[in-house]
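Everything on this sheet refers to the single structure shown next.
Order of writing sets the labels: A, B, C and D. Residues in every chain begin at 1.
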Amino acid sequence: MGLNKSDMTLLIVVAILALGAPFILNPFPVDSGMAQFNAGYPDLMQRFVIFGILAIGFNILFGLTGYLSFGHAAFLGVGSYAAVWMFKLLSYNVLPAIALSVVVAGLFSVLIGYVSLRRSGIYFSILTLAFAQMSFALAYSVLSNPKFNLTNGETGLQVYAGDPQIFHREGLPDVPHLFGIAMRDNFLELKMGGWEFTFNNGYYLCAIIMLVVFYLAIRLFRSPFGLMLRAVKSNQNRLNYTGLNPKPYTLAAFIISGMYAGLAGGLLASMDPLAGAERMQWTASGEIVLMTILGGAGTLIGPVLGAGFIKYFENIFSKINDNVLHQWFAFMPDGMEDFMVFIVHPFVGKGWHLTLGILFMLVVTFLPGGLVEGGQRIANLFRNRGKKKGDDDSYKPDPEHHPKETPHVAE
Amino acid sequence: MGILEVKGVNKRFGGLQALGDVNLSVEENIVHAIIGPNGAGKSTLLNCLVGKLIPDTGSVTFDGQSVLGRTPYEINQMGISRVFQTPEIFGDLTVFENMVIPAFAKRDGSFRMHAIESVAAEKDICMKAEQMLVEVNMQDKIQMHAASLSRGDKRRLEMAMCLLQEPRLLLLDEPTAGMARADTNNTIDLLKEIKEQRDITICIIEHDMHVVFSLADRITVLAQGTPLVEDSPENIRGNPKVREAYLGEAA
Amino acid sequence: MDAFFLQILNGLDKGSAYALIALGLTLIFGTLGVVNFAHGALFMLGAFCAVTLQRLLSLSFETIDETKTDFLGNPLKVKTPYVEGWFGPEIGGSIIDWAVPLSILIAIPFMIGVGYVMERGLIKHFYKRPHADQILVTFGLAIVLQEVIKYFFGANPIQTPPPDALLGVVNIGAPLGLELAYPIWRMVYFLFAVGIIGGVFSFLQFTTFGMVVRAGMADRETVGLLGIDIDRRFTFMFGLAAGVAGLAGVMYGPINPPNYHMGMDFLVLSFVVVVVGGMGSLPGAVLAGFMLGILESFASTTWATTTIPGINQIIIYLVAIIVLLTRPRGLMGRKGVMED
Amino acid sequence: MTKMDLTRRGVLKTTAAAGAGLALPTMFTSSAHAVTNDPMGGTVTLGFNVPQTGPYADEGADELRAYELAVEHLNGGGDGGMLNTFSSKVLDGTGILGKKVEYVTGDTQTKSDAARASAKSMIEKDGAIMITGGSSSGVAIAVQGLCQEAGVIFMAGLTHSNDTTGKDRKANGFRHFFNGYMSGAALAPVLKNLYGDDRKAYHLTADYTWGWTQQESIAAATEALGWETVNNVLTPLASTDFSSYIAPVLNSGADVLVLNHYGGNMVNSLTNAVQFGLREKEVNGKNFEIVVPLFSRLMARGAGENIKGIVGSTNWHWSLQDEGSKAFVKSFGEKYGFPPSQAAHTCYVQTLLYADAVTRANSFAPCDVAAALEGFEFDGMGNGKTLYRAEDHQCFKDVLVVKGKENPQSEFDLLEVVEVTPAAQVTYEPNHPMFGGDEASLGECNNGA
């Protein structure tokens, strides 16, 4: 596979996690009070890996080169639109749709990257933000006017009965499918005791694609190209005087990460054939940035963890309502129960944003390297427990992550 | 004809004449020092040589080819390497990675998309980098982060990075500025070694006379943006014009 | 012609809000080198100072009016604010009426306090951290502040009307023979903004404190070496920036009713403004604020939108792109600031 | 390990090809075809998908209150509310078909993506058999499409765009709320009475699908009465300040301003319009008037004083004096301490209508439920006699024209009913061009697996 031992281990661990997700994410019996925290249903699992792909791609740009794009959601949106258009024009087969979404997002990122990369630092961030916001605004309104309806605006682009779908045949499912295998179907539902596990076609397609692109990302990280990207982040001046042109390197990184985003967009549309303009809004771009930093920018696995973390909160915590809280605390005396519900209430359900905000602050304050650093600390804790005291110098910072003391004034 | 030819170079910044009609010829395989008091235009001249600044008039040719209008990385690819006043290295990367990058630049040019094979798989590049580290006596620091090196080691690393590219011309911008005497002497030794072991032209900008006279084969004195004299070290030493330039306007 | 001048006025008005927020953002960048994504939330907090004061002043006691019924058919409880009970309906009523201007008095100490606590409690740990971490932590803080406000005040906008005396329109074009009927409060807002901006500039220009801060902005280390406790001053500057954002928010309430996410609505725009103005440049931020405000107003005219459909939605971003591509560091940016 | 029990709770099972497509040990696949939408055990789960974050969070919170009330009433709790006044009497307070009603909640964030994710989690994870709620048309259409594909029933919450039951209508989706066309048809005659038939209208329209259909409907209805549409200006959804859109109105020669805005947009544009003194102006010898076609009490509250005297339409208002409305206001008011909003009303009614249809059909299968709802006529739910039309799954009922109250007695007493426009006057053909014309079709009803 061309990987060294630790990378191979990482890939295998990720593969086990991804392929075993239906088990791992459903640790609680269906009827237990904790079932609320189960995340092993198809839609959320799909989102975990799709946003994982998005974050892996974003990390190639941001984590390696340090260029902070604040408009990455535009590529996600463009990818989704491209995919749905393929559904509308050709057929519900996801393969051409995903392929086109990658290509279109790639082309779009050539355009935006070429212009934006003429500036660096926050000027670059604002340029990407401006392009993405323009794309969003146009997709939401102007590009959905009845005369030239490219995006279907607020409603979102979807397949209508009147669409050509020239390769659609009898017998093929009327939903996104891969040569007849419908994405939304489950190939297996397992009931074991109180537990239930769902194995979904679409999820496994996403998971396999995620593993492939994760593997490619590892190769890229370890390649000379990846090294050059890290050199761009470290010292562009030296790179220039070493005879290397940073421009094509950063542009290539930008395009690759744009294509990752397009792929994620295409997959999103393949799992659920509707593309809305909100996907391109700055808040969506901001979410990608947050995922990456939260997980640990510049590390391989961090962005995937960050993506999972945020999506978990969005989908699981937002669904906890007072009714559920009362069930949890039902074992307590009445007054105590109401008190506990009162205490927890602001942080769940409609308050899930609050919890997320607090966690952002806690993680970044106490774990400068993101969730990955948290993981390392725990790992070190276990490792050190086995050893004698005084062995602490075995702690080695992750070679990939070194928070840079950013000089405020460069040059 | 020298390997580096500077002819009639002028550079103004607003009302300030930074360089006035500079002519300079650097012979191949010697150490040529450019000295001068502060504000003499040494750094401006250097920046004109590496593509950071473009002179208003005049020409700069390297090995018969003009460097004007070329970017720093193109000029580097022509065979000019530059060492900075404060070491410019990749602080976030390991010493080894720092060494590998110029090796790739030398082999693959200013850009190549090699995103699949790992760095470790490029055996010859790695070997070259390791060899060079041995040469500069840094093999024990190979996995250290460059940022955590001492200042002297940073300078050594930067020089090793430049040498790895086997440049035909090495530009040094005050390589001993701010160094303690011992470090300065080490640097001088390092440069002497380099000079003896390689076919390389070195152009050094310096105002530490000790360094200059220990190394230079030829010296150009710059004052107020114009070359005052160009001669061998022995002759420069006693030149009254040079004294005047350094000591101010003697009566 | 009248329409033209009206749009200029509208632009100046929008620009006032942009300029005030951008001014604070730039102060924080310039002095502390921190990317403050919570700045929009500070603006929002300011607006809710006015809401809170209005609520406090309208705290009421209930009397039962047997002649009327409420929606459930029970006797209607009539609410009378305590201040009206104490001072009589006349004076009490006018105190409530002047709630927004009065809340400036509360907002100044409150916002400076919030800024102080924020800087000492949180931001100061992030000076040496990458900008990305600063973004994450301040964004988290913005969400938290926003959600707290939502928890207490709900998601709906809340009207904070101006005093009756400042309600309505005034024809300011009369001396020029033009018909320029413009809302009084919007004029007040513009003048207020000009006053604040002038105040901040003269503070930095003419006081020793300001001079030290400006010197510190240019070269923090050197000023630190001179034995001046620059950190303390920078903390104060953070408080000042928070105060400016807060006052911008207080006075904005009567123009558009505040809601809990108004900060986020302004956040991205004000970042664009700051960057177009040039990082680290206070005059740049103010200039860009007014410029973008005016351009946005003109892009909203029918003439503009029929010429280029959708121009009103993208104008700010389009201008930002053009400015950044022609002037690498924005209108008045300093070299090297936030370029790494 | 305990016994292995293989079933298809498979809620998203649509094609038989799927299982066969992947080579798996047969012992792992089940060939039993259970009816998906047959809730197991003694409970049935409904999914309440409302905005809990974002600008419509308050509206969402009110919807959620109504849903909780509806569930309470269905399960026999409380005073029964509209169950007592509903013309259909099959619901007896023992849940639905004897199964206790449970519910899950989710956050739409007023984004199509998030709303669909939330709805999917309800269907896939919690086994919800009906999804309802929402506070914007984009979300309603997105979730309706999802429910169609997934084979569950969607009972729309607050959605006013013509498209929901127009070009985007779906066999599994039902809307009780009124729409843009109805607003126009109800408002036009009232506007003519109040302001005359010689008026020049200037439209400000939110630049997205709902805004467009709303503007189209109002313009058509008023032009039919002789009004002239001077201009229609599209305003970006993200606008917070409308001054630059309001200022040109002053010199346009128009004497009526129509604000096709909703939520925060409407609050701000109305505030700005009043600020600029439009209401004190006289143009063409007439008083300048402002019209807000879609009103809600929550918006009226946000707009404060500015709403006074402004005319608009609404689906329902708590001050209605029919038995159904009174019963609903009473149980809602007693539980929560304030009167319900129109969003709460439509959500409450939709839940009851669904439960009733299931009971009458004696089946949870979506197609049976849909059949029971189609052409269903009922009364006692606050809007008078109402028809769930079979062709497009739109309710036809009286529409209220309301006006901002000049002297409110309480903080809830903001609107007064000017006229109740009879259903006949707002009824249109199912193939009306504003509703997708002849091309629009419900498609096939989807029963799930």
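Here, a contact is a pair of C-beta atoms (placed from the backbone, for glycine too) under 8 Å apart; a residue touches a chain by one contact, two chains touch by 3 or more.
Please read these numbers as outputs of a predicted model, since none were measured by experiment.
Chains that count as touching both chain A and chain C, per the definition above, are D.
Note on connectivity: the fewest steps through touching chains from chain B to chain C is 2.
Remark: the per-chain Cα centre closest to the mean position of all protein Cα atoms belongs to A.
Remark: among chain pairs C-D and A-D, A-D carries the greater number of C-beta contacts.
The greatest centre-to-centre gap from chain C, using C-alpha centroids, is found for B. Per-chain CA centroids place chain C at a distance of 36 Å from chain D. Averaged C-alpha coordinates put the centre of chain A at 33 Å from the centre of chain D. The geometric centre of chain A is 46 Å away from that of chain B, both derived from CA atoms.
Each chain gets one centre point, the mean of its Cα atoms, and the points for chain B and chain D are 74 Å apart. Multi-chain contact residues, meaning those touching two or more other chains, occur in chain C at positions 313.
Of all residues in chain D, those that touch two or more other chains are 57, 207, 234, 236, 238. Every pair of chains that touch is listed here: A-B, A-C, A-D, C-D. Chain A contributes residues 62, 66, 68, 115, 118-123, 126-127, 129-131, 133-134, 137-138, 141-142, 145, 282-283, 286, 289-290, 293-294, 297, 346, 351, 353-354, 356-361, 363-365, 368, 403-411 to its touches with chain C in the complex. Of all residues in chain C, only 2-3, 6-7, 10-11, 13-14, 68, 70-72, 76, 150, 154-159, 161, 168-169, 181-183, 185-186, 255-257, 259, 261-262, 265-266, 296-298, 300-302, 305, 312-313 touch chain D in the complex they form. Taken together, the chain D residues at the contact with chain A in this complex read 1-10, 12-15, 17-19, 21-22, 24, 28-30, 52-53, 57, 60-61, 64, 68, 103-107, 111-114, 116-118, 120-121, 124-125, 136-138, 141-142, 145-146, 149-150, 163, 168, 207-210, 234, 236-238, 439, 441, 443. Residues 54-58, 207, 231, 233-236, 238, 240-241, 243-245, 247-248, 250-251, 264, 267-268, 271-272, 275-277, 280, 298-299, 301-306, 318-319, 329-330, 333-334, 338-339, 409-410, 412-413 of chain D are the ones that touch chain C when the two sit in their complex.
Listing the residues of chain A that touch chain D in their complex gives 38, 41-44, 47, 137, 140-141, 144, 153-156, 158, 161-162, 171, 173-175, 177, 180-182, 184-193, 196, 198, 201, 272, 274, 276, 278-279, 314-315, 318-319, 321, 323, 349-350, 352-353.
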